[in-house]
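Note that subunit A is present in both complexes that follow, paired respectively with subunit B and with subunit C.
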Partner chain A sequence: MIKALLRIVARRLFAIVPVFAVVTVLVFAALRILPVDPAQMSLPPSATIEQVEAKREEMGLNKPIWQQYALWARRAVAGDLGESAQYRMPTAKVVLERLPATIELAMCALVFAVVVGVAGGILLFTVRGTALESLGMALTSVVMALPDFLLALLFILVFGVMLPLFPVNGRLDPGLEVPSHTGFLLLDSLLTGDVSIVASAISHIALPVMALGLAFSPTIVRVLHSSLINTYQQSYIRQARLRGLSDREILFGQALKNAILPVVILVGTQFGGLFGGTLLVEMIFSFPGLGNLMVKAMQTADLSVIMAIALIYCAVTLLFNSLADAAAYLLNPKLRTA
Partner chain B sequence: MKDIDRRLFMKLAGAAGCALVLRPDLSFAGEIDNISIAWMTDPVTWDPNQRLSPDPQSILKTVFDQPLDQTPDLTLVPSVVTEWKLADDGLSLHVKLRDDVKFSDGTRLTAEDFAYTYHQRFVKGDQVDLVVGFGVVSDIEVISPTEAVMRFSKPFPTAAQWLAFSASYIVSKAYAEKVGIQGMQTNPMGSGPYMLKEYKRDSRIVLTRRDDYWGEKPSIKQLTFEIIPDPTARLAALESGTVDIAMELSIRDVKRLQKSGNFNAIANPIARIIYVTIRADGTFADRNIRLAAAHAVDKKLLSKAFFGGEAATIDFPTVPGMPGSPKNSSFAYDPAKSKELLAASGYSTDKPVTLSMATTNGQFPGDYDMARAIVTMWEKVGIKANLTVITEAQWYELNASGKLPDASLFVWENGTGDPELFTGHMFNEEMPFATYRTPEVTARVKPLFSEPNYEKRIKGYEELNAYLIDEGAIIPLVQAIQTIGYRKGLTLTPWANGWIRPFAIKSA
Partner chain C sequence: MTSHSILQIESLDIALRSGDAILTGVDLAIAPGKVLGVIGESGAGKSMIGAAIADTLPPGLAISRGSIRFDGLTLTDMTARTRRDLLGRDIGFIPQEPMTALNPTLTVGQQIGRHLARIGIANRATRDKRAIELFSEVGLDRPAQLLKSYPHQLSGGMLQRVLIAMAFASNPRLVIADEPTTALDVTIQAKVVELIARMRQAHDTSVLFITHDLQLAADVCDDVAVLYAGRIVETGRAEEIIDAPRHPYSRCLSLAAPNLDGPVAPLMILPKAMPGAVERAAMRGCAFAPRCPAADEACTRTPPPRRAVSPGHVSACHYPERTSAIAPPARRNAGDLAAPGEAAVLRAQGLGKAYRQHDWLGRVREVEALRGLDFTVREREFVGIVGESGSGKSTLTKLIVGLENVTSGTLHVVGLDRTSTPRERFFDQVQLVFQDPQSALNPRRRIGSLVTQSLECRGNGLAAKARRELAAELLAKVMLPPDAADRFPDQLSGGQKQRVNIARALCSNPRLLIADEIVSGLDVSVQAQILELLRGLREQASFSLLLISHDLAVVRHVCDRVLVMCKGEIVEQGPVEQVFGAPRHPYTMQLVAAARGRPRSDDRHAREASDLS
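For the complex of A and B:
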């Protein structure tokens, strides 16, 4: 089975390559259509026409667009994503500096969303047919209607100002230093073994995680809730009851294993949306990650940075789709025999 | 007597103890241990010569010294440069430097560093925005460690003003050569009143005061900039006590803070204007249409709607009080006159003239909505404008390629205190900012760039401004305001260039 699983994962990952290549073409073309000259942007405002022309030549902008793309692709494969016009330093360095913060935020938000979503789904299912179920469903509708950035602003107001429980900006309290081993602040904080540093890191990431995660969890609640209802109509559940298994044993031992499958697929396919949500949430919480960088890059038309971040977002989405496929394969015996 | 003294002493000690419990960051003798400021953007680079953009300047100014300084109303005053003299022909500037200025690594700042900053960096090919102002420097002769002569390839009458402007900070030649431009971008080392202690990109900057600084010592021992791009989050940080000062809040929040009693808040008029820049060709080639468009805009209404009435309306491309503004002259809001002018060119509300207009959305607060309000005002007199949203970067690109729409809402900053960076740069066809290009304007503006006589130059700008408004070559709207909220117990003196100066922040 492991061999088959690895084969599935490898096949899915391999399938990402052409999709990713097509996306790079689309993003590259879209950015070239914009009325912005990357050569002009990378020079001071006083640059002469000759200097701009020389820069255009150096950047290959006078070549046909397909040649420009080929040049970009060749350099990108070698790790050279160009130079940031805004920072005047290699784009790869600018982007990689911020990538761990966004991954950390997105992963924590995912864990939060799954925990809240699965717990909420089970809870709603156990009170099915009561007024509490209707109330819960109404609540999920309300939360689903709120975009993550609005939740972020609400949390700042409630937990930052009215009940100042959490800090509303940054990643650590002033004066605290964490040596970077992994690049991920939470992990690095844990490695210091200093409780105050860990607490500071957790309290800083709490609100952005809640804002991002809570925007995603109602969908999980609803999917799991309806999946459990469907599962309970299956004959093996009736047989389990006849075998004398308790409600708890049926739910956690039999039903949940199958009912969770749509949730796994949902998480995999929708993770891209959650990752994309970091864009505004990071800006609102001054979280120094890719989202914050992307907003600034768009404001200043820093094309190489926009391109790099767009591709990272795309790669993450494709990767999670593939992982969801693999997980579904692992969880669903029907897929394995197909 | 002894009893009374002892009681008094106990009261004072008690009061001091309470003060320290309530505000542990307050020290004695007016010293403040730490002030946190919620700031909008990260400096992007610590190489102080690299960027002209206004936001990072307050931060860079804490670490680096400028050759000349400005008072809150932008009058030039000595700093590292104690004396300066522009030659009669405007082709050189003689400067004398202080001999007691040290960089934070302990080395002395000399005229060699001055020459390196304002000439050798350009020759070396460092890509720095400082070249925008000082690109005309052809040579700097170092006469002694405290004396130098800047020479220019063409007259540069505003050289002294540029020495106190954005990106104009003296860097250490030895340090720059040691660490290179990449090192300067990440590890700043200057001669300013503070040193960088902690830097988390896009998040936090902590600076500690240099006790060996040559100039006035700020009362704040540690200065923290919390980078918070969102204005709501900046306000929340102030109200939650995370920061002591929050910059660029909405005018509504400023008014609310003023009423709250717990915070101070000010709306500081700064040397920045919001205006509609227009092209001299296309639809606006017709003077009647230009003037009709200008007369149709109710600036007072814009100020009331977008700045709570706090922003001063302007009739010329400059701010009130700055040299170069014509005296006893104004431009009226007169929609009836707009209709007359349009009728003279064959247009009316039934047969409107059509033009294109561009605006940014988010470049400054309310820009898009302000552009929409102007479009509505124009529509009432017979001008139909098709509004498109662009970024500031696109604006430059479109202008360079001659594809800029007929009109665009724009913002312009001039912290030099001189009209050259307002009218001069906006209308000199050699600059990337000029949109209204005609031989008449060029003939009037270009000589002013090389006029060494200050009075004659200022008089020239007064006449040019009057001519431009008479021609309808620009539609000035309002003077921008900078909003600052800060906690009670602090006093803060704002600067007209919008910079925040640590030594101007004190405990009340």
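For the complex of A and C:
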């Protein structure tokens, strides 16, 4: 069983490779089309034309584009993603420094969205046929209509300004220091064992997590709600009822495992959207992650950083698709035991 | 009936919120250890009885009058909670479709385990042991391994055994079986019926057996109640109701079912359809009167009295004595059939089909779906194909219409080469009708345009007037009124829809018509209409018919010859009377025995007596 699962995950991950290669070509081409000269960008404004030309030669910008791509790809595979024009540091280093913050944010938002979404879906289902159901549906519509960055601004207004319960920028209170072991602030602050540091880290991440997560959860509520309704029309639910199982046993023991499958697929396919949402939300909360870095890189046309971050977004999206496929496989005995 | 009944239903009414009645004045009683059959066609309300006992009536329906007493308890006075506690413990259920009745994401062991836990076996090891005992009792092989299986890994027959094991696990006082064999293959049906009878005896349980099949009820039940339009029209001993019915509807039902023995007599056809809840409310007299061959003025004016025609035999009819005189009308031309021609419209020689399956590592495995078929269908010949699921019937159809490629042997279809003939020319000659009449008709088109639909892709557009005339002609051919042309499919009954499908298939005047289980989803009386229609078409036959069916009597009623298929091969073929009358191949014998040889009730009682001694 475990072996079969590992095999399917491995197969899925392997299938990502060619897709990812195509994506790199597209991103590479898109960035080369921009009217920006990477050589000029990577030199101080005072550089002479000769210096720029020398840089162009060094960066291979005078070669045909496919050769440029081949060069980039060869370096990228070796871990060299070029140099950030903005920071004058290797791009890989710049990006990897910010990566844990964004992963932490996106993962917390995902957990929040799934918990709120699944609980909401079940709740909405249990009040089916009543006015509460209509009310809940209306509420999901409203939240669905609000994009994550608007929710972020709203939360700042409500929980940061009107009721100042949460800090609205950064990852920690000023003056606090956390030694970095894992790069993930929540883990690192737990490692310090200092309650006030943990509390500070949690309160800083709370609003961005809620903004990102809440924007995603109404879709989960809707999908689970309709999936449960669908499942309850199946003959085996009726049969379980005829064996005298209680409503609770039927919902949690029989229906949920079947009904959750579309939610798993949804999360897998739509996680890319949530991850992409970090871009604006991080900027709004001055959260020092990839999104923030991306915005700055775009302002300064820091091409190698833009490219690296774009590819990380792509990779994360593909990865989650594959994980969802594997999870769906695991949840469906018909596939698993075929 | 007796002073202490396990189940006693008294003047039960079930109504819609609007007040329209679904069931009216239903009285039923089951004595301990007896089997009561409730017979009815779809729409009669038979499943509502089980739902009322279980307190699982669909939303919008409620008991408006009457009582249900179970084993000394008045269910209708109890709280929902205490009623639910009875389910699975004192009242067991056997479902209609075993394939969907178990949760696909849980193992069989998990599901029976939860059930056993609910009925009080706390220890897990004890539960497993009990489950294995139960599985052995219902005749399942390798029970221990079965516990770890998922439902989709088992066949329909095995699943039904699992469900029967669960239903009887708690030694319930009552088991409700709602059409428990309808979804199963013929040979398995007989075994499941036998199993239910055996379990009932071993566990000393009463059974409420809900079915549309009169013959089946006769074999299984002690007593029978016939339900029509929400009312019980006749109750009594099973043999009496089958052999000497005293209500016209019961008699019409028997006469509507085709036989496997005796002469191929015309089937009883009832005009119109069973009235729905709203129509019934407007009727003052007997709900069956508008369709009844024995009815007169009085029947439509006053409701029929319910009275005993002999001890224990009650009929709700004004004129029960007229029942025995009811007979189907004689055929117009004494059943003379057009003789088949010599030319072959369909000829298979050494026909085979193998599928290539790729496994994980890309290894190729060949699976033979059909092997060495040799047969011919001549002009104007009606040929039946019988066989169980998995026998290759559907694969053969796919090969004939070119949905799949032939992998060995040859197949000649109406003299056309499927690969080079333009699709519309091929399908001018070959047409299909499918099992589900509903899903084959676009609900947004009128019947008139549906039956002439095949003209649209020809390009030689008929004038609207000519097209209307053609539609009227086709509808007349399938005995539908001309005004049906302006209606939508949803306004027709299931039987009428299937006639529309047949009319549409005949539009291009095909040489070969393939009918795939076209009556198996229909009620007996509706099936009779379609079968008589096919016989009528055969008298003036302009086409050959390939009729695929699991029901031997249906094939016998319509066809000249029959092919018996088993595991991808034709094991026997020949004239219908010869093959079914004196089968040579063991598999055909088994099929015929399963269809005919269910022990008649007298034999059964004799056997029970000998079991007891």
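Quick note on the criterion: the second predicted complex is superposed on the first by the 336 of 338 C-alpha atoms of A that agree within 3 Å, B and C clash if a C-alpha of one lies under 4 Å from a C-alpha of the other, contacts with A are read in each partner's own complex, and residues count from 1 in each chain.
Here is the rule we go by: a residue touches a chain if its C-beta (ideal position, glycine included) is under 8 Å from a C-beta of that chain, and two chains touch if they have at least 3 such contacts.
Everything numeric in this text was worked out from a predicted model, so none of it was measured.
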Open item on the list: Applying the document's definition of touch, where does A:D37 land relative to subunit B and subunit C: first, second, both, or neither?
Closed with: first
- So, A:E133: does it touch subunit B (first), subunit C (second), both, or neither? neither
Could you say whether A:L245 touches subunit B, subunit C, both of them, or neither, answering first, second, both or neither?
second
| task | For A:Q299, decide between first (touching subunit B), second (touching subunit C), both and neither. | result | first
* After lining up the shared chain so the two structures overlap, which partner does A:R98 touch, if you call subunit B first and subunit C second: first, second, both or neither? -> first
Tell me which partner A:V161 touches in the superposition: subunit B (first), subunit C (second), both or neither. first
Counting only touches as set out at the top, which of subunit B and subunit C does A:Y236 meet: first, second, both, neither?
second
Note to self: Looking at A:E53 after the superposition, I want to know if it touches subunit B, subunit C, both of them or none. Which is it: first, second, both, neither?
What the structure shows: neither
Subunit A contact check, subunit B vs subunit C, more residues touched by chain B
The subunit A residues in contact with subunit C across the complex are 7, 129, 234-236, 238-246, 249, 253-254, 257-258, 331-334, 337
Contacts from subunit A onto subunit B in the complex sit at residues 34-37, 40-41, 43-46, 86-89, 97-98, 153, 156-157, 160-161, 164, 167-172, 174-175, 177, 283-288, 292-293, 295-296, 298-301
Per the touch rule above, subunit C residues touching subunit A in the complex are 54, 56, 59, 84-89, 93, 95, 97, 100-107, 114-115, 118, 150, 152-153, 163, 166, 360
Counting only contacts in the complex, subunit B reaches subunit A at residues 34, 36, 38, 41, 44-45, 50, 52, 127-129, 131-132, 135, 182, 185, 198, 200-204, 206, 224, 226-230, 232-233, 236-237, 239-242, 362-363, 390-394, 396-398, 400-401, 403, 432
